[in-house]
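Labels for the chains are A, B, C and D, by order of writing; each one numbers its residues from 1.
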Amino acid sequence: MEEPKHKLPLRSSRLESLGDGIFAVAMTILVIELKWPDLEDDSWNAFASSFRAVLPSLLCYIISFIVLGIMWFGHRMMFEYIGRTNRHFIYLGVLFYMMVCLVPLSTQFLAENKLQWGTIMVYGLNLSLCNLTLYAQWVYAIHREGFLERELPYEVRKEAKISFLISPVVYAIAIIISIWSPTISIFFFILTPLLYLIPNKLDKYMP
Amino acid sequence: MEEPKHKLPLRSSRLESLGDGIFAVAMTILVIELKWPDLEDDSWNAFASSFRAVLPSLLCYIISFIVLGIMWFGHRMMFEYIGRTNRHFIYLGVLFYMMVCLVPLSTQFLAENKLQWGTIMVYGLNLSLCNLTLYAQWVYAIHREGFLERELPYEVRKEAKISFLISPVVYAIAIIISIWSPTISIFFFILTPLLYLIPNKLDKYMP
Amino acid sequence: MEEPKHKLPLRSSRLESLGDGIFAVAMTILVIELKWPDLEDDSWNAFASSFRAVLPSLLCYIISFIVLGIMWFGHRMMFEYIGRTNRHFIYLGVLFYMMVCLVPLSTQFLAENKLQWGTIMVYGLNLSLCNLTLYAQWVYAIHREGFLERELPYEVRKEAKISFLISPVVYAIAIIISIWSPTISIFFFILTPLLYLIPNKLDKYMP
Amino acid sequence: MEEPKHKLPLRSSRLESLGDGIFAVAMTILVIELKWPDLEDDSWNAFASSFRAVLPSLLCYIISFIVLGIMWFGHRMMFEYIGRTNRHFIYLGVLFYMMVCLVPLSTQFLAENKLQWGTIMVYGLNLSLCNLTLYAQWVYAIHREGFLERELPYEVRKEAKISFLISPVVYAIAIIISIWSPTISIFFFILTPLLYLIPNKLDKYMP
């Protein structure tokens, strides 16, 4: 097969821009599901009971927002290296975005039910699939010639793999624990975002 | 009529950016329509019946999301060749975006009713009109002098036409079949996205 | 007052990008308000009555979508000439976006009530304020030194003024007519978008 | 530790683009919460009473929209100076966006209850946290080497600090006043946006 003369650039910028839009909407509509109950009167008690009613949903909202923020960061970092796309890469991207768009649904499912294994499984599975489809894009891109814009050091490759896969592992553990104790399990979801605050080997590549 | 001295560039980038926003919102609000029923208790049965209740809507959501993803890809590819716009092209673009924004409505119509010819017709018609208005933009642009940024090989032109028009043809068949068997018809909608996974002649133009 | 050494570029691109986002969301959430009634059975009659029930809202949706599309086009064209912004220009932009974001509300108000002067007045006033705040940005920019990126021919200036102001004039007439006949009045809203299809003097500046 | 050879640019443009999306959605969904009551008949009285019913929510909507517009402007100005990002800066950005996305919730809480200290406190606290997390980004960036794209005059630094912190101070006063008089307190929220219309020392750096 001869080399076509008019190879298209297919730069990744528009896929990133679609992603920014999808993350922006998904993060914002998380809050549409929230409803702060009306106050009965001016008293402190009425306020406190209204706040207690919105608190569990608010916490779920905060966890999901931060998790989506971290995922967006991973997505954004990925494209520091990846500069081009093709049909298969974009289809993987669509799968990733599909999982991201489902996060408001599984967050609502978690927030509106009593804490239990069923909702935690759905929520954990959804978040894991986000990370795994994101990782699939990364693996596809680093093995495809002509996708990378700059040299990818071995250290970055290793550290990126850990960053992509640590969450699904923790979520899998949390799902198993939820069968015995949903309360302990939910702490895993609260603590996971903190893992991404720990200094890591990628920091020295950043400004 | 003399040639105006200050011909405007009218680059296509802002139309693409509006499109990215519209696709992002349309894809994300698909999920707002979904509601996972609350669980009655901790049992496996309660979970299974809740999941069975959300499943048909979830499937419709997944189909629509992937179809929109493929359309976005077509839209994105188109602008690898098209670099400029004018008033009429933008109005065609607005028609296309109008059809895209209706997809959440027709998806919901399909998901919330028993499978039958009426909802399948609306859904199939909506998706077909998306493709046809997208194709109208393409036809307008390739026949308008000064719109194309790079040479358009004959092979690409032919393959693009097939890609734009294959879906409306399949959907038309599916609508007709739905009069006899809505269940067979819905399989056409599930299978159509797979057509876009088959390697085609455009692949060699991509990185 | 001495000239500051570090005058900021304050390019208009981010204001345009916010605008693209706002238009994308406003155009898309128009459709969230639409609800296609469930079908009672498989019959043609059930479908027809369901379609008749959604039709008025669907028409309002289509009008609003196309009007927003034309406004977006005006906004987009404006920034072919305007390249910079400042505090006051951006505040005018925020007012414009506020009016744009209210369009889904006034569309819903129009769609959900019997056709009458009250809803038509709110709808017409909302659309007029969109055009007038957009025009205010234009007037501010063309009289501010350093805002224009390219020479603005007298012909464009005159034609732009007509384009910005023709709609508010037609809507004002439509509002007055609605006191006697809301049905005649609504035709003005249907016909106004067609005015923007007529070839005009700006066309020769476009590719 | 040796200097890594492949320091990434990590330009701020994608964070800005996510921000534009989030502001666009947050500003637009403010209006989703609004519902203009249906008209009972064609009379002026029916219209007037319907308008009176929507007016308080509409005012809250307008205040929140303008406040978000001013915040967007602050965010946009900040990135005239800041050109790069890193992990910690982006996490601060996610916190800021989280606060921005909560504005529709606290606006709705304010609009749907009788004016009283509880709702005013939530609303004022939400807006203050927006400004404070935005300010945290600014402080982080101006003290981090390599983040600034251009020289930051002392005057700008001082004026920016005032702009970021004046609102939280006013809101804190308003919250305290609301214990005695919610009506006086709400005027502080109406007047705060006007502070940003006063000419200030940053104007001379703009076109």
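Structural remarks
Here is the rule we use: contacts are C-beta pairs under 8 Å (C-beta built on N, C-alpha and C of every residue); 3 or more make two chains touch, one makes a residue touch a chain.
Just so it is clear, the model here is predicted, and its values are computed rather than measured.
Any chain bridging chain B and chain C, meaning touching each of them, is among A, D; the list is complete. Annotation: the chain C:chain D pair of sequence copies touches via predominantly different residues, less than half of the used numbers being shared. Simply put, chain A must spin 90° to overlay its Cα atoms on chain B, rounded in steps of 5.
Seen from the Cα centre of chain A, the chain whose own Cα centre is farthest off is C. Note on chain placement: the centre of chain C and the centre of chain D lie 25 Å apart, centres being C-alpha means. For this pair, chain A with chain C, the centres built from the Cα atoms lie 35 Å apart. Annotation for chain B: residues 17, 20-21, 24-25, 29, 32 touch two or more other chains. Those residues of chain C that touch chain B in the complex are listed here as 16-17, 20-21, 23-25, 27-32, 34, 36, 38-39, 42, 46-47, 50, 62, 65-66, 69-70, 72-73, 76, 79-80, 150-151, 153, 196-197, 202-207. On the side of chain C, the complex with chain D involves touching residues 1, 4, 6-10, 14-15, 17-18, 20-22, 24-26, 29, 32, 84-87, 90-91, 94, 97-98, 101-102, 104-106, 108-109, 112-114, 116-119, 122, 144, 146-147. Residue ranges of chain C in contact with chain A, taken from their complex: 21, 24-25.
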